Structure formats: structure tokens, C-alpha cells
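The two complexes that follow have subunit A in common; it is paired with subunit B in the first and with subunit C in the second.
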Partner chain A sequence: MTEDTNELLPTAEYSGPVFKRFEVDPSKPHSTSGRTNGPSDYVLAAGAVDRDAPTEAKDTRIGRLRAYITTLQDEVNEFLTERMKSKGEEERQDLVNSEEEEDEDQTGV
Partner chain B sequence: MPYYSLGLEGSANKLGVGVIEHPLEKIAAYNQANVLSNVRDTYVTPPGEGFLPRDTARHHRNWVVRLIKQALKEANIRPDQLDCICFTQGPGMGAPLQSVVIAARTIAQMWDLPLVGVNHCIGHIEMGREITGATNPVVLYVSGGNTQVIAYSRQRYRIFGETLDIAVGNCLDRFARTLRIPNAPSPGYNIEQLAKKGRHLVELPYTVKGMDLSMSGILEYVDSLAHDLFQGKKNKQLIRADGSKVTVEDLCFSLQECIFAMLVEITERAMAHVGSREVLIVGGVGCNERLQEMMGLMAKDRNGSIYATDERFCIDNGIMIAHAGLLAYRTGTRTTLEQSVCTQRFRTDEVFVSWRED
Partner chain C sequence: MVFSHRLSYRIPFCSAKQARIAQGSLQPDPTLKPSELQAVYTVDDNVLTITFDGVSERVIRVAANNTIENLKTVIECLEEFEIKSC
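What follows is the complex of A and B.
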């Protein structure tokens, strides 16, 4: 993809218990076919044929922006999914710990 | 110069974009709108599957730009000729609504045009009135997400009766999934075609509750009959009077007859209550010829008339949003960016009908 001085480069920030900034590197390849924007696995398993894929990005400023945003969205999606997974795991572990403590109280150990 | 608006609809699995023209004169029945373009693309799933919010939203996101371009091209209208951008604000599925409102906000800012949020049900009613010329009908709104009997009074479309659980279209669609018949062009259409070949009426629960309906129990009942039929289980209800077996076509026929009779009953009661002789059927199920026939028989008995549209306007479309939005725009309604949040719950009677004074 061509670069110019007015290249539109999107960024994103997540602020909460942790802070993370997302940026795209224009020197790397980008496309509108991302890792997380395809049809859901469930639908594909049911035999769906994907006729709703996004059009390819044109080599214009706006076209390249579409591809950058797809990359950025992938990274945000993967970050948030990972956080949800680890939060779910923490909650599950807390539940196990509290049940074990209850059991100990009841047996007087 | 006339008024022009572009409407975007995407509250379920249809993405529609339409451009409408209103002559400059005052809003009146004689001053008819012109449909300049009305394009649509439907998200279709494999047989036996419904449409999931995430995949439906993806469909809308990836088609919306193409459809907007096509609608403007067919209408032969430039963005700078438009007066406003209208979009479905609700009710509907959250993720698909969200995809479309983002597109609406984007083009409104790009082209420096005001936004007008439209209630999906009001879009159906106003487009139905415009196309058919019905002046003050009782409206039966039947689709995959909504089932309501509505009548106009003092600048509100008031709900006289509605489903207590699932919509009539949802009942038909889910039975189509049980039968694993194709979802193209639409599951309801395919049920209708099978029903035409049905001859034996299987008695199903008839669940009218005052002015309201319940359809989840009927679906459960007919689903269990279909399972028994497929598995070859013995069931008295699956044997006809002549001893032959009930068919899938008979079940489709029976389901339609039962739920359409319920719809006719509550519509007739609403007509009697408000003293109207007109009934307008809108929404995707409104295309069903058997429903139109049954409603027509009832209306004829009351010396009344039935009004219905074809699939271009019955099934969800962008032009109805453009039309209802432009009516609201012409009477001063604007939706700011902050107000443009879409909502899954948006009842028909929440809308102040500023463009009607009767």
C-alpha cells in the first residue's frame, strides 16, 4: 500500500483497570478481511456460504483507512475477548475458593 | 423544488435503502409521494437456521454502502438534493439496528444533512396508507417481529391488540425451521406454498385472549405434531378421516388457518369498536394471499374494504422509512446525533403523529 504524508491512521484506547493503546503500522500489509470480522463459526458449521464479505480496500486514503480499521478492530476484539476470558476464569476461581472455605467451615477443619 | 429523503432500514434480516420525493404542496391524500428507488438485500441463512444478530449486523455493514450508491443512482438524485437522512430507530434487533444507524450518522455528517429517526411500525403504516390510499383504516401489522392491531386516534397510532409472546411471522418462520424448508426467498412464503396443497385441517389450540393473541403454545403444539410425523409415531391427530396420513402440507395449512382466523377475529373486533370499514394489512406476513383472502371475507361481511400492498412495500424496506421520516421532517422533527441512539423497544403509540390532524 502506498504511503503519503496525509495518511489517515486510526488509533484506539482502552482505559479501565488496565490501559492499552492500539495503533496500526502502515508499513505492514492490511486488508478488509480481518481475523474477527468473518461469519460466525456456528453459521459456517450450518453450511452457510459467505456472500456478505466486505469489498477489498482500494489503494486510496479512504480505502487504506478501511483496511487499517479492520486491523485495529481485530486487535481490539482479541484484547477484549482475552480480558473477558480471564475475568470469567477469575470469577470461576473465586467461586471455587469460596465453596471450599464453606466446606471447611462446615466440617470444622 | 420537491422534498427528497433517503431512508435506511435494517431492523431485522433485510437491509433496505429508498429515496422518496414529496411534492412541495401541503401533506394531503391527493398530494401523492413518488418512489424514486427502493432497493433491498436480505441476509439468508441455511435451511433450519434463524438469523443471528452478529451475522445479520455483519451483512448490513458490508452491504450498506453498495445499496446507498445503488439507491441514489436509480433515483438519479445527488446527495446535495436530499433534505434529510431517515433511519429505523427501533424496534428491532440491536446489532443490525446499530449497523444501520452508524451508516445513517456517517452520511448525515458527510453530506451535512439532518437525521430523522423513524419508528419501524409507523414506517409500515404510513407507506401502506400512501400506496393503497386508505384514509383511516384499522391496521393489522403482522411481521416476523411484530403482531399488532392498531387504530389512529388523536395523533397517535393506538394499539388495540397484540401478541402476548411471539409474532405471527416468527411462529411461521420457526415452524419452517422445524420442517427444514429453505429460507429463500422467505420461510413464510415457502410455508404459504406448502399450505396451498394442504387439504386436511388438523385442530390446533385457538388462543385469543380478549384483544390479544398467544402463539408460542400453538407453535409448540404443531412442532410436536411435525416431530411425531417425521418419527412415524402413532398420533390420532395425524390420521385423516379416510384413514390416510396427515402430510406436512396439511400441517402448514392448519397452522395458517388457525392463526389467521385469530388475527381476523381481533381485527374485526377493533373495526367494530372504532366504527371503521377499512382494514389495512402491513408487514411481511401481509403478503400472504390466504390472510388477505380471509380478511377480505370478513371485511365484505361488514360492507368494508381491505387494503394491502405487494412485497415491495409489505416486506421491510427503505422507502417506508424515507416516507415516514420525511413526513416527520416536514412537520419539524429532527434527531440530533445525541438522540440518534437506536432502541430494541420502541412502541408504536410512543410516536406523536405530527403530520396528521384529523
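What follows is the complex of A and C.
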């Protein structure tokens, strides 16, 4: 993709228990085919055809914007998914700990 | 309900008109569970800002991903149908 001094560069910010800012680097390759959307590899390998696949971005500022947004979307999705996983793991561990404490209480240990 | 998580997207367009078209296309989509999520669309000149406030990462991820998918369709339409693209 060509670079332009007036590139339309989207950004994103997450704030909650942590803060994270997301930016795209226009010097890297970007595509409208995201990693976190569309049919899974498993489904595609089974012969499915993705009829809703996005078109390739045109080499215009608005076209490249769509590819940049796809990159940003992937990064945000992966970040939030990772946080959901780690939170789920923490909750499972808390549950195990509280059950162990209950067992200890009941056995009088 | 306290919204403890916030995700904001800042999307610059070629013109203020394009940003308003995107806002007008996305904004009517109702929030299914307003007690769990709130989405706000604002336009300042050529920049569309979409802010999601939600009760969890999961709620925000689902809503934001869906909205961004719709936003990409809007941009694809601008690419294809605008007479004077940029």
C-alpha cells in the first residue's frame, strides 16, 4: 500500500482495570481480511465458501482506511479476548480456592 | 448500573460529510441491553468517535466488533458509490 502524508489513521483506546491505546502503523501491510472475523479455518477447510468476504481495499485514502480499521479491530478483539480469558482463569482459581477453604472449614482443619 | 469498561474508536474520514454519513448509518442501530452497554456516536469535523461503555470486556467486545463490521460496510459503500472519492 502506498503512503500518503494525509493518511486517515484510526485509533482506539480502552480504559477499565487497565488502559491501552491502539494505533496502526501505515508503513506495515494492511488488509481488509481480518484475523478475528469471518468463517473459521475449520469451516473453510470443510469446504465452506465465505460469500460475505469483504472486497479488497482500493488504493485510495478511504480504501486504506478500511484496511487500517480491520487491523485495529483485530488488535482490539485479541486484547479483549485475552483479558476475558485471564479473567475467567482468575475466577476459576478463586472458585477453587473458596471451595478448598470451605472443605477446610467443614473438616475443621 | 456502573459501566466499568470503556472503548473508544476515533475514525477520521476524508470529509465531515462522510463522517456524518457514517454516524447517521450506525446510530439508529438500537442497543439491545442498555443496562449493560451504551454506545455514543459523535462527529467533530471529519472525525467520527464511537464510545462504548459497558459492564464487562465481553459486552464491549461483542458490541464494538459488530459496530466496526457495520462501519466497514459503510466505508465500502463510500468507496464504491461516492462520485468524488478520496
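To be clear about the criterion, the second predicted complex is superposed on the first by the 100 of 109 C-alpha atoms of A that agree within 3 Å, B and C clash if a C-alpha of one lies under 4 Å from a C-alpha of the other, contacts with A are read in each partner's own complex, and residues count from 1 in each chain.
By definition in this document, a contact is a pair of C-beta atoms (placed from the backbone, for glycine too) under 8 Å apart; a residue touches a chain by one contact, two chains touch by 3 or more.
Worth saying up front: this structure is predicted, and the values here are computed from it rather than measured.
Enquirer: Would you check which partner chain A:Ala12 touches, where first means subunit B only, second means subunit C only, and both and neither mean what they say?
Expert: A:Ala12 contacts subunit C only, not subunit B.
Enquirer: On the A-aligned overlay, A:Pro54 touches which partner chain: subunit B = first, subunit C = second, or both, or neither?
Expert: In the superposed model, A:Pro54 contacts both subunit B and subunit C.
Enquirer: Go through the superposed model and pick first if A:Asn37 touches only subunit B, second if only subunit C, both, or neither.
Expert: both
Enquirer: Answer with first, second, both or neither: which of subunit B and subunit C does A:Ala46 touch in the superposed model?
Expert: A:Ala46: touches subunit B, not subunit C.
Enquirer: Could you let me know whether more residues of subunit A are touched by subunit B or by subunit C?
Expert: Of the two chains, more subunit A residues are contacted by C.
Enquirer: Is there a shared patch on subunit A that both subunit B and subunit C touch, and which residues make it up?
Expert: Looking at subunit A, the two contact sets intersect at 37, 54-55.
Enquirer: Going by the contact rule set out above, which residues of subunit C touch subunit A in the complex?
Expert: 4-14, 18, 57-58, 60-61, 64-65, 68-69, 71-72, 75-76, 78-79, 82, 85-86
Enquirer: List the residues on subunit A that touch subunit B in their complex, please.
Expert: Touch list, subunit A to subunit B: 37, 39-40, 42-43, 46-48, 52-55.
Enquirer: Which positions of subunit A touch subunit C when the two form their complex?
Expert: Going by the criterion above, the answer is residues 8-17, 32, 36-37, 54-55, 57-58, 60-63, 65-66, 69-70, 72-73, 76-77, 80-81, 83-84, 87.
Enquirer: List the residues on subunit B that touch subunit A in their complex, please.
Expert: Residues in contact with subunit A: 43, 45-46, 48-49, 52, 54-55, 58-59, 61-63, 66.
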